[in-house]
Every structure is written in C-alpha cells, then in structure tokens.
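Same chain, two partners: chain A is paired with chain B first, then with chain C.
Take a look at the complex of A and B:
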C-alpha cells in the first residue's frame, strides 16, 4: 500500500513519456489524474491508520541488497501519515496552478513534478537509513530542474545554490549514516534505535555529539534554521509557482521531520545537550525572519522570510521536549504547509495578472478581484495565527510548551506574534 | 436542567445567529438585495438579543448563588499533560464552552441590545454606501466575536473572541480602503492591539502553568456533571489559598494580573497603547459607536472584572490598574478639550471614560466599573450615533468649526444628543451620574492612603473637563451662529426614522439606565450591585487584610453626600465655562488659544505622542529590519554563503593552477628532461642505412680488436 502511494506518481510521470510532445491538454490531464488518485489513495491510509497503536504501521519490508545489508523498509506513523497527506493534497493544487502558466516543455515539467512527489513521499515513509538517503537526494534532482528550467530571471543561480547548499548538509549525513552502519551493522532505523536504547551499542559522548551534529546540519539546512536560510528566498523567488508551493509546503517540513524522526530518538542525550543552543537559534530565526520579512519589496521573498520565522516556531516546539510543544510543532508544520502554499498560489495568480512580485505594484486589488483578495486576506490571517484559523493552534501549543519549560523562551518567541502582524500588515491589499 | 430553562439551555446559540448571517453575507452577499441583507443581518442580531434576554431572565429566576450556567459544547484543543508550578500534573485542555453568570449577562444584554439598535441605525446610515453587504457581514462577524468573548468559559476561548473583535475592528476601520488614512488607521489598530494581545497570550500561559487550567470556574455545571472533573482557576486559587500555596501579593499572581492588564490596555485603549483609537474614527460612524465606544473597547474592563479574584490577590497590580486608569482619564480628557473633529472629541472622551472604568476596578469597585461600562455604552453609543446623524445631515462634514445652530434643523438628533451629553457630564438623574459617582465615591473611600485621595482629585477634575468638552461640542454644533458652508446648508435634513428611533431608545436608556444602580444613600437598593455580587471574589477569612477593605464604610455617609455635591458642582462649572467661552463671548476661544499658545498646541497635537511613538518604536523597528535585511543580504548570504562559494571557487583556481603548473608541470618536466637527456643520442639516430652500416662495421672491428687483444694476452 505504501509502495503504491509512493510510486504511483512516478508511474504516472513515466506514462507522460508515452504522450506526444505537443499534446499539452492530455499531459496536464494525466498529471492531474495521477496526483488526484494519489491523494485519494493516501486518504485510504488515513482509514487504515490505527491511532491507538504505537510503532510503525502498514510496514513493508523486503531485502534489497545482501552486502551491505540494505532493506526496502517502509512504514508510517502519525507524523509521516499527516505529512504525506499534506504532500498529496498540495500536489494536485501544484498541477492546477501550472495549468496555464507553464507553456514550455510541458511534458518534462509534469514529469519532474510527479517524480518529485514520489521522492517526497518516499522520504516520509522510508525506515531504512539508506533508502531514506536515496529518496532524500532523489528529491533534489527534479527540484533542481523545476527551478533551473521553469524559473524566473536568476533561476540558474538559485537552482545551483539550492542544490549545493542542501548537498553540503546531506553529505555529512551520509557520513553519519555510514558510521552508524559500521557501528551497528544495519541501516534499519527501528533496529538501530532499539540497539541504542537497549545499550547494545554505546556511543561515547563525543561520538554521539558528532553524529547528532551531522544529522542536524542536514536537517537544519532544509528547515531552514537561522543562519542557514539564505537559499530559501532565492529559491522561492526564482521558482515557478508550483515549485514554490511544494518547496514551502513540503520540502521545508522534511527538515523538521528529520529532526523528529532521527535526531531526537537516535541521539537523545546530544539533543538535550544542544537544545538550548538550538532553541536560541530558533528564537533568533523567529524574530529575525519576521523583521527581515517586513522590509522585503518582493512578495515572494516576504513569504520566504516569514517561513523562516514560522519554521523557527516548529524547531522551538520540537526542542522544548514536551508533549504540548511537540504536538504544536506537528500542527504548525501542517498549517504552515497549507497556509504558505496558499500564499504562494496567490502570489502566482497575482504574477500571472500583473507580471510582478513587487508589493508596491499591487494595492487596490480588492475592487477588480474581490474573490482573490478575500482568500488572500483569509490565508494571510491564518498565517499570522489568528484564532479559529489553523495557524493559531500550532503557535499556541508551541508557546505553551515553551512556556512550561522556560517562560523567557515563550516571551521572546511571542514577539514574533506582534511582528507577524506588522509584516502581514505591509501586504494587506 | 431545571424545567423551563429553554433559553439557558440554548445560550450557546446566541453567538451563532450573527455568525451564520455573517457567513451568508461574505459568501453570497453580493447577490442578495438590500432588503434581504437587512433581514438577515439585523434579524440575526435581534434573535440573539431575544435569546440573551430570555436566558438572563431565566438566570434571574434562580436563587442568587445559583446564577451560574456553564456548558461545554465540545473539547477544542486537547493536548498532553504537563507540570504546574503548584506541583500536580495537569491535563491541558481548552474547551469550547459558555459561561453565563451575572457578569456575562450584563455584557450580552449590552452587546446584543445596543448592537441591535446600531444595526438598525446602520441600515439608514449606510444606505447610500457601496459594499453594503460587506459592511453588515463584518458587523455580524463582530457580533459573533464579541459574544464569544463575553460568553467564553475559559481564557483561550476568550482570546478567540478577543482577536476576532480586533480583526473585525481592523476590517471595519479600513472599510473605506481606498482612503489611505483609513487603511493606515486599520493597520495601526491591528498592530497596536497585537502588542497587547501578546501580553494576554503570555498571561494565558502563565495561568495554565500556575493553576493547571484556564477555565474560569467550575460553577454552573448541571447537577449531573461532576464539577471536580472540570476545575477552574477560581477553584485552584481557593484551594491554593487554603493550602498556603498562594498568598496575597505573590509575584506570580501579580505577573499574571499585570500581563492581562497589558492586554487590556491594548484593547481598551489605555496608556500606553491608546494611540490607535483616535485614528480608528476613520471607520464609518456606526462602527465607532458599536466597536469603539459601546462594546469592543470595554473588553479590557470585562476581562479585569472577570479575573477580579486574581487582581484582588495582587494589590500591586490593582494599584497599577487604578493609576493607569486615572492617568488615562485625565490625559485623554485634556486632549479632548481642543479637538475640532466631532468624532475625535468623542474618541478621546471614550478613552477617558474607559480610564474611569479601570480606575474603578483598580480601587476594588468592580461593580462600579461594570456599571459605568453599561451606562457608558448607552450614552456613548448615543453620542456617536448622534454625531453620525449630524454628519449625515451635513453631507459628511465632521469639523465642528463648520457647524453651529443645528438645534432646530435636526431636532430629534439634537435633543437626544443633549440628553446623552447631560448623562456623560454626570448631571443627576441621568445615567452617567450614578455610575460616575459610584466610582468617585469608591475611589475616595478605597483606602486611607494619600494614593486614593489623589486618584479622587484626578477623577473629579476629569469630570469637570468632561462636562466642559462635551458642552463645548454641543455648543459648537447645535447652538450659536451657523458656520455651515453655503452649499451644504440647503441639504440639511433630519435623518430617517431608522436612524432616529434608535437614538430615542438610547436616549431613554441614558436617562433611566442609571436608576438600576441607585445607591443606598439616595434611597435606592442598588440592584446592580446585588446582581453582580456572586461574581465578585470575596477572599477567604484567612486573608483578613483584604476583607476589611471590602466592607462598606457606612459611617462615612455624610462624606458621600459632600463628594456627590462636589462632583456635580464641578460638572456644572465645566458647563458654565463652556457656555461662556463658546456661546456668550464671541472670539474668546481663539484669544484663549492664542494666549496659551504652547499649551494649546501641545494638546492639539496630542502631546506629540504619535510622533514620539513613531520616532521611538516604529522608525527604530523599521531601521532594525532594514539593517537586518542588509545584514542578511550582505553578511549571511553575501559573506557566508556566496563567500564560501567564492572561496571554493578560489580554491578551485589554486588547485587548477597547481594542477597546471606543478602536477602537470612535473609531468612535463620529466618529458623535457628525457628529451634533453636524449639530445646527444638523436645525432646517432640519423635514419641512414649507410651510417648504421658504418657503425656496425666499426663496432664489429672494435669488438674484434678487443677479443684479439685478450686472446693474444691469454696466449
């Protein structure tokens, strides 16, 4: 089942190859159909999910290579389920928003998009470190082309920056994965985890900190955590709308997902040791991102920096180590995926009409486009965390969790609440 | 459930009617005819009012100590367990529930009652405006949020309403979004409120970790429900006091109270966060009446009274509340003295009156605060609606210098406005007299310290200023000579009944509204105080120091009459002064303004507070943001990322140079050396067979000679 959900998009993408280069309508329809079916299938996962059971569900495990022993090991739990749902939900939207705006190399575009979906879902389901790394790196290729071919003026620069930056982080992770393998003799995540917990393998403090650091760096780039965030504004600004939606909606979540899935359970001591520093960076990111967002003339950049701020909240929630904070972080991931995805959709629609992302060129849109501006305001309000809209719950829980652990943390982070009103005020139509 | 409590049982519906109608307006409003918009929007608020009245009526039928009705509609946010500072584990949960008690009863009646009248009025006032459905949609959304705020049974749900009313306020202030001043004012209101909201939010966190719950109380559940399953903050406080965990003046309690008060200063426009309210007058006038006078801005007062148990446990916070309240009252009144825009005068007046309410809360007269909140809702809504009617009559003119002598031209507006002015000036027997007098008396008798006497003096001076600026307004608008512009003068007309009828009803309420709280000293029984008594926290006997002050000082009654006379006389003096300056002595106002030039300018420019805030906070934040933006581009991205990119490139170049000149150079050198070394040999390799043959022959001869010599030697 998990395999089906994961590889169906890729299969659809390969199907596209059989279609004629010029039959744009058919290509779009197949892409939409594929992504929609994937979404529906992933909804079935929700039905099959047993919320009361602990551990991974719907596990699939097949031997892949015998030496070194690598397994095709997939499974899901609550967090990965919801992140996959987020992915499959955003994908049809990404296809739809590219319907009119992509005219060149249509076939390749949708192929890339669908391949990207497979890689993303794979990342969330993979339980074998090697397999995980495979999907993780596979994600870069389609994203690189999406930005580099269908992007705006400085697309090449942005694409290269994105890939190199992410690679630099993940190379260290690869080293750490191999190191773990040499220690435990397996790539299997649950197995390594139980070996570590039962004390079969003991990591010296220094070693654990190095391993943690290697994983952490890879994920922190993806989140992105201050000060590793500067690839994001460039990538967002240059990417086509669909790319931005996926980038903000899903890719950023992978960093946070990695922290939850790998860093915390594998290296609990190191996580606790580094937590104050990481929380510090997260809080700096919250405030810094919001302040920098305030002065961006380019709307997409504004949203990019607001993502830095919002993802800072997620990291904060993860590293306060309590249930409330963690729940808040997961909520916030989903909410940010939806609301920033929505904001980029709006940005794309405005671009299609005005051919600019400059905020000062907008203004007075409520009269010619009442519907678009209503939704724009609604999504903006959600993103600034107005109660009853989804952004609020996550932010509230994270701050509650932070407050319980260290009131000062919550107080600093709460200034982000004020600043978000300021930068959203800048954009109000 | 007791039999026949239909409305109580369905009190949860009260906010829903306006919500449904708001949703209808915002999704389908454009296609609906005006008639349908009126029907849904005004009708929904009316139904809410009927349900509120019914519920309060049924609540009043219960015994005084039973007048609590709480119902949890559903669990909203269930989250994990955590440790409270008091020790025990608590299960964090925010439910979506309603709490109807005497306090929220007053609020829902004011909100739906005054709200309904203002909705009716708006059908007349907004009749010619574009975006009619949008206006009513927002207005109904506001009603929903405000009712959620006052009916909430916990802090978080209250916060939902709190933010909701802030949003609606923002949307309605910038209703004329084409006007830059309007959209700027909206943003300003939103952002300034957000600052206060942060304080509120932190107060919620601190409450939840201190008390283990954010529900207000466990009272009022049905008999079947086990109340211990749903503890409230009040219960936690009482238990804590009994077990000695909490004591009066504990830092954590003071901190919660002060943080909440930060939230209140934002929403209720107190120093230092009052700056948004005068600008909020950019919104349509019914909005100013409903949101910025009668209901939303009183949310802060409501919150303080709702949390009165906590505030009573934090004397320092009480002092802060009282001081800020009194200071705001006189400060805002002083600015109201010189404004020329009719709505701005009323805006400063509102800030000032809200200051009175906080003053009341701060000296422990919570009932007095709510009482003034109610009467103020009547007369201030009336004043705003009346000013709207004046503006309507004068085709949009808001400058009082271009008004005058309107008394006979718009009689209904003028007379109702005059009644409201008497009420706010505190002339007996109008509503404002009773509530203001109660506050002043409670302030004076609040304690023996000089602090309370100073507060009283400030309060009385403010009362005089209030009477002055209100009569200045009335005199400039309705009396004297007409300064109305010529082309406007032809169009002066009384407003339609949809606008005047609400004015008349509010005028009646402004007269009789105060009688419900007639103090014992004037032969009344103060029903209002009796009604609210159950929600006012009476500290357990263990805290005797607090309890003493709460006792009425019955033996000082003569003093009460004297103070009453003083405040009335001061008000009359203010009225007389306004009459002399603005009616009897032509030009005196201008001469005074000239003589007191610097002071006048200072007041007129609002103490330059907007400029100071702008310079201190707004520009500095912008500078910081710009600097960080440059830092991000320049340092983090420029030096950090592109720098390491460039560094990598440089290393590549060096490697390439190394590779070309050293590594490859060595290879080349080897080749060259070999070539050089082989140079002599090249002369031998001529490729001519003859020379090769020659060499062979020579070699053979040499070898032959060699062998021959050796052979001979051997021989």
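Take a look at the complex of A and C:
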C-alpha cells in the first residue's frame, strides 16, 4: 500500500514519456489524474491508520542489498501520515496551477513534478536510513530542473545555490549514517534506536555530538534555520509557481520531519545539550525573518522570509521538549504547508495576469478580482495566525509549550507574531 | 596439465591480445587500401577473445613462471576490467578514426598491446615483471597520445607524456633496484614473508619503496605527480583520452595495491602517511582545479585526478573492505568516465573543434538520449543516489570510517560537494541554456550508441544491484590473505 502511494506518481510520470511531445492537453490530464488518484489513495491510508496503536504501521519490509545490509523498509506513523497527506493534497493543486502557465517542455515539466512527488513521499515513509537518504537526495534532481528550466530570470543561480546548499548539508549526514552503520551493522531505524536505548551500542559524548551535528546540519539547511536560510528566498522567487508551492509546502517540512524522526530519538542527550542554542537560532530566525519580510517589495520574497519566520516556530516547538510544543510544531508544519502553499498559488495567479511580483502593483485589486482578493485575504490572515484560522492553533500551542519551558523564550517568539501582522498587513489590498 | 601449459594458461589473456595485435599489423601490410575496416573488426574480436581468455586464466589460479606471475581473483578482476575497457574504447573510436582520416590498423594493434601490458601489471608478482608490463603499456600509450600526427596539440601531448612518463618509469626501476639491493629479492611474496618474519625496513628499503610510489603515482595521476594529466588528456585524441582515464589508471592502481599490500602490507605504517597526504592533496587539487575549466576534456581530466584521490582513501583504509571498495569504485569510475569521453568524442566534430563547455548548450533538446546518458555519467561521478557512483563512494566512506579515519571521510564528503558544482555546470548548460549559433549534432552511430548505452546501463545497474560486482570485488580483495 505504501509502495503503491509512493511510486504511483513516478509510474504516471513514466507514462507521460509515451505521449507525444505536442499533445499538451493529454499530458496535463494524465498528470492531474495521477496526482488526484494518489491523493485519494493516501486518503485510504487514513482509514487504515490506527491512532491508538504506537509504533509504525502498514510496515513493508523486504531485503534489497546484502552488502551493505539494506532493506526496503517503509512504514508510517501519525506524523508521516500527516505530511504525506499534505504532499498528495498540494500536488494536484500544483499541477492545476501549472495548467496554463507552463508552455515549454510540458512533458518534462510534469515528469519532474511527479518524480518529485515520489521522492517526497518516499522520504516520509522510509524507515531505513539508506533508503531515506536515497529519496532525500533523489529529490534534488527534479527540483534542480524545475527551478533551472522553468524558473524566472535568475533561475540558474538559484538552482545551483539550492543544490549546493542542500548537498553540503546532506553529504555530512551521509557520513554520519555510514558511521552509525559501521557501529551497529544495520541501517534499520527502529533497530538502531532500540540498540541505542538498550545500550548495546554506546556512543561516547563527543561522538554523539558529532553525529547529531551532522544530521542536524542537513535538516537545518532544509528547514531552513537562520543563518542557513539564504538559499530559500532565491529558490522561492525564481521557481515556477508549482515549484514554490511544493518548496514551501513540503520541502521545508522535510527538514523539520528529519529533526523529529532522526535527531531527537537517535541522539537524545546531544539534542538536550544543544537545545538552548538551537532555540536561540530559531527565535532569531523568527524575528529576523519577520523583520526582513516587512521591507520586501517583492511579494514572493516576502512569503519566503515569512517562511523562515514560521519555520522558526516549528523548530522552537520541537526543541522545547514537551508534548504541547511538539503537537504545536506538527500542527504548524501542516498549516504552514497549506497557507504558504496558498499564498504562492495566489502570487502565481497574479503573476500570470500582471507579470510582476511587486506588491505596489497589486493596489486596487479588490475591484476587478473580488473573489481572488477575498481568498487572498483569508489565506493571509491564516498565515499571520488570526484566531479561528488554522495558523493560530499551531503558534498558540508552540508558544504555550515554550512558556512552560521558559517564559522568556515565549516572549521573544511572540514578537514574531506581532511582526507578522505588520508584513501581512502590507499586502492588504 | 604440464607446467608449461599451466603457465601459458595464466598468461592466456596477454598472449591472445598480443597475438591479435601482431595479426593486425601483418594484415595491415597485405590488405588493400579500401579494406582496412576489417582490421578494426579483428581488433574488437581480439579484445573480446582476450576477455574470454580470462576464463582460461581462471583455471589455473596460482603462481606461474616460477612466481613471476600470479593469477588470483584480484588479477582476474582487473584483467576483465581492462579488456572490457579495451572493447568499449574500440567501439567508441571507429567513427572518430574514420572522421579524422587516421589509420585503423596501427591504432587497434597499439590498443591491444597497451591492454596486454596493463594485464601484465595486474598479475605481476615481481617488480621487474611489473616493470615490463608498465613499459609495454606506456610505450603503446605514448604513441597513441600522438596519434593525430598533424595536430600540434596531439604532438605536445605525446611528447609531454613520453618525457615525463619515461622519467617516472625510471624512478620505478631505480626503486626496484634499491629494494633488491636491500633484500636480495624482487618477488613480492618473498618480501612479505621477510616483513612477517619481523624484519624492519631499513633506509635503503624505504627509499626504494618511496621511489616505486613516485613512479606509480605518476601513472595513476595522483598528487603531487598529476601535473602532466590535463595537458596530455586534452591533447590526445579523445578516444585515447578515454582509454588513459580508465585503463592505465586501473592498471596502475592494481600494481599499487599489489605492491603495497602484498609486498609491504606487513609494514604498512611505512607508507600509510604517504598515501594519506597524497589522497588529500589529490582530491582537493583535482576538484578545485576542475571548477574553473572551460574545456570539457580538461574538466574531466581534473575530475579523473580527484577520483584517483577517492581511490587512495580506500587504499589508506588498509583493509579488505577497503580494497573491495577500491575495486568497485575503479570499475564504476572507469566505465562512467569512458562513457563520458565517448560522448565527447561523438560531439567533437572534425578536428575536435567542439570541446568548450558552452558548445554543449541545448543538447538536451537536440539529442535527448545523448544528453540523458551524459547526465547519468555526470551524476554518477558526482555520486548521487541510484547511480553506481553513490554506492562506490558509500563503500569508500564505510571502509574509511571502519579504519578510524573520519578525517579522510569528511574531506571526501567536502570534495563531493565541490565536485557537484562543475558536474552540474555541464548538466545546466545542456538543459538550461540555448546555443548562440544553431547547430545539429551528428546522429549517433551504432558503435558510439552501444558504448553510451552499455555504460549508462552499468552506471544505473551497479547502482541498484551492486550484489554480483561487490561479491566479485570482495573475493578479489581476499586474494591478499
């Protein structure tokens, strides 16, 4: 079942190869159909999911290679299910928003998009460190092409920067993964975890800190945590709309997911030791992202910096180490995926009509486009965390968690909420 | 089996290759001017026959010729690799030779002689035999480098390679003489027994070992003996460059491993730091210099230096899994580089005019299959998952970490990221930019297409199913027990 959901998009993408280069309509329909069926299938996962049980569910496990010992080991728990649903939900939207705006190399575009979906879902389901890394890196290629071929003016620079940043982070994670493998003789995540907990393999403090650092760096680049965020505004601004939606909606979550899935359970001591520093960076990110967002004339850049701010909240929620904070973090991931995805969709629609991302060009939009404007405002409000809308819940939970741990943290982070009202207010039409 | 026959068995691949080489030279004299393409066919058949003869050699895995030659899984592994490389180089160069109007006969004969020399290097168990193999392969290589007689670059390449190369082989020979002077033997297994028996290496011995390392370091193009590589690779005819980057490098590494592990294995503290330092230098020099290259051949030349550095990391691990990793990586690297150079040959146009990176602009839309194969090769060199290059790097990381060399592993990781920049640069040009002047690449011919297809399949196949190759590599690595 998990395999089906994971590889269906890729299969659909390969099906596209059989279609003629010029039959754009058919290509678009196949892509939409594939992504919609994937979404429906992933909804079935929700029915098969037992919320009361602990551990991984719907596990699939098959040996793949004997040297190194690699298993095809997939499974899901609540967090991965959430994020997969987010992915499969955003994907048909991404296909739809590219319907009119992509004219060149249509076939390759949708192939890349669908291949990307497979890689993203794979990341969330993989329970074998090697398999995880495989999907993690496989995601780079389609994204590189999406930004590099179909992006805006400075697309090539942005594409290279995106790949180099991510690779620099993840290659050290690979070393750490192999180090764990040479210690434990397996890539199996649950198995390594139990070996560590039972004390069968003991990590000296220094070694644990190094391993944690390697994993953390890879994920922090992806989140992105201040000061590793500089690839994000470039990639966001230059990517085509669908790319931005996926980037903001899903890719950033992969970093936070990695922190929750790997860093905390594998290296609990090191996580606690580094927590104050990481929280510090997260709070700096929250405030800095919001301040920079305030002065952006370019709307896509504004959303990009607001993502830095919002993802800072997620990291804060994870590293306060209490249940409320963690719940808030997971909830915030989902919300941010939906809201920022929505904002980029709106930005893309406006761009298709006005060919600009400049905020000052958006004045008086409410008169000619009343429907779009009201949705715009609704998403904006949810993004700034207005009560009754989804953004509020996540941020509130995270702040509560932070307050329980240390009130000062909550106070600093809360200024970010206020600032977000300012930059979101800028766009009020 | 009589002893003489058994000895002949273990050299069967070498004898076959030489036999076909001589056949081609003789045939060249008698064939009419229009019928020379038969020679190319004989060449391919000869290389295939030599590859088949490797199975003959496998029937007699033992010392042969009173210990001068040793046939074991390791030598069989490398001989197979060398003759596969030869076949592929031949397939990829036919159209090039016709296009450039170069004689077919000598070329194929020289390739077979070079391959036979490499095969001797792979199975030599004694320093002078190794030297003979080194010279056979080198002299054929010098001639091949200057095969485009009318092009000044090719001449420069041949002359540089010849002058520096003969200097390096002289170093090797001098080192062998010193080792002989110090110990009274040139046989590697006898040396090994001496060390195991507790003999400490004296100064003469160390000097000899160092000189041998210099000679082989030159042939394998590792720092600080890599300076000749870009010029020679750039000037040589592109299919010959394909050979240089794969075959001689594999043979040089084979000999390096054989000498260091068998001969000086029990005294590995003497050479460990030399290899460590050389590995770091080679990786960084290769990758950093490749960043600024605009000529595809030069870029891949520097990339081949960097990959030699990765191989040295595996050697520095001084373990069986290290050698297995080295062998696996060697196969992957050699095939992928060969594929990439074949594409460069194919796109070169008469006189090798089209070698700038910018000349590849728009290849993604004009010849999608070629661009796709090139992308696979580049991603494999870069070491991205699903490609064989990733697993190759993985095994090297694994061996380095198991040998408690995290420093080397981290530096290898850093270099992978540096490499990403220039490999992706070519991908970017092929797919993201449009050429300034309209051009249509020549259609892919059968030979070139076959090489591209086979190497691309290897790059993906070994990446997804490394089992058989890795098993063979592991068994080969156990030859040194």
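Assume the second predicted complex is superposed on the first by the 429 of 429 C-alpha atoms of A that agree within 3 Å, B and C clash if a C-alpha of one lies under 4 Å from a C-alpha of the other, contacts with A are read in each partner's own complex, and residues count from 1 in each chain.
By our rule, a residue touches a chain if its C-beta (ideal position, glycine included) is under 8 Å from a C-beta of that chain, and two chains touch if they have at least 3 such contacts.
Everything numeric here is computed off the predicted structure, so don't read it as measured data.
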Practice prompt. Tell me which partner A:230 touches in the superposition: chain B (first), chain C (second), both or neither.
Written response: first
Item to complete: Check whether A:295 is in contact with chain B, with chain C, with both or with neither, and answer first, second, both or neither.
Response: first
Worksheet item: Between chain B (first) and chain C (second), which does A:388 come into contact with in this model arrangement: first, second, both, or neither?
Response: first
Worksheet item: Does chain B (first) or chain C (second) touch A:144, or do both, or does neither?
Response: second
Item to complete: Based on the superposed arrangement, let me know which partner A:161 touches: chain B (first), chain C (second), both, or neither?
Response: first
Fill in: Touched chain A residues, chain B compared with chain C
B
Discussion item. Quick check for you: in the superposed arrangement, does A:38 touch first (chain B), second (chain C), both or neither?
Written reply: neither
Practice prompt. Name the contact category of A:179: first (chain B only), second (chain C only), both, or neither.
Written response: second
Discussion item. In the overlaid three-chain picture, which partner chain does A:88 touch, first (chain B) or second (chain C), both, or neither?
Written reply: neither
Discussion item. Let me test your reading of the model: by the given contact rule, A:57 touches which partner, first (chain B), second (chain C), both or neither?
Written reply: neither
Practice prompt. Could you list which residues of chain A make contact with chain B in one structure and with chain C in the other?
Written response: 164
Response to the item:
Note: in the complex, chain A contacts chain B through residues 161, 164-165, 227, 229-231, 288, 291-292, 294-296, 322-324, 327-328, 364, 366, 370, 374, 381, 386-388, 392-393, 396-397, 399-401, 403-404, 407, 410-411, 414-415, 417-418, 421-422, 425, 428-429
Fill in: chain C-touching residues of chain A, taken from the complex the two chains share
65-68, 105, 133-134, 137-138, 140-141, 144-145, 148-149, 155-156, 159-160, 163-164, 167-168, 171-172, 174-175, 178-179, 181-182
Discussion item. Touching residues of chain C toward chain A in the complex: what are they?
Written reply: 365, 379, 384-386, 390, 394-395, 397-398, 401-402, 406, 409-410, 413-414, 416-417, 420-421, 424-425, 428, 431-433, 465-467, 470-471, 474
Fill in: Parts of chain B lying in touch with chain A, wherever the complex brings them together
26, 30, 77, 79-83, 92, 156, 159-160, 163-164, 167, 174, 177-178, 183, 186-187, 190-191, 194-195, 197-198, 201-202, 205-206, 208-209, 621-622, 624-626, 628-629, 632, 636-637, 640-641, 645
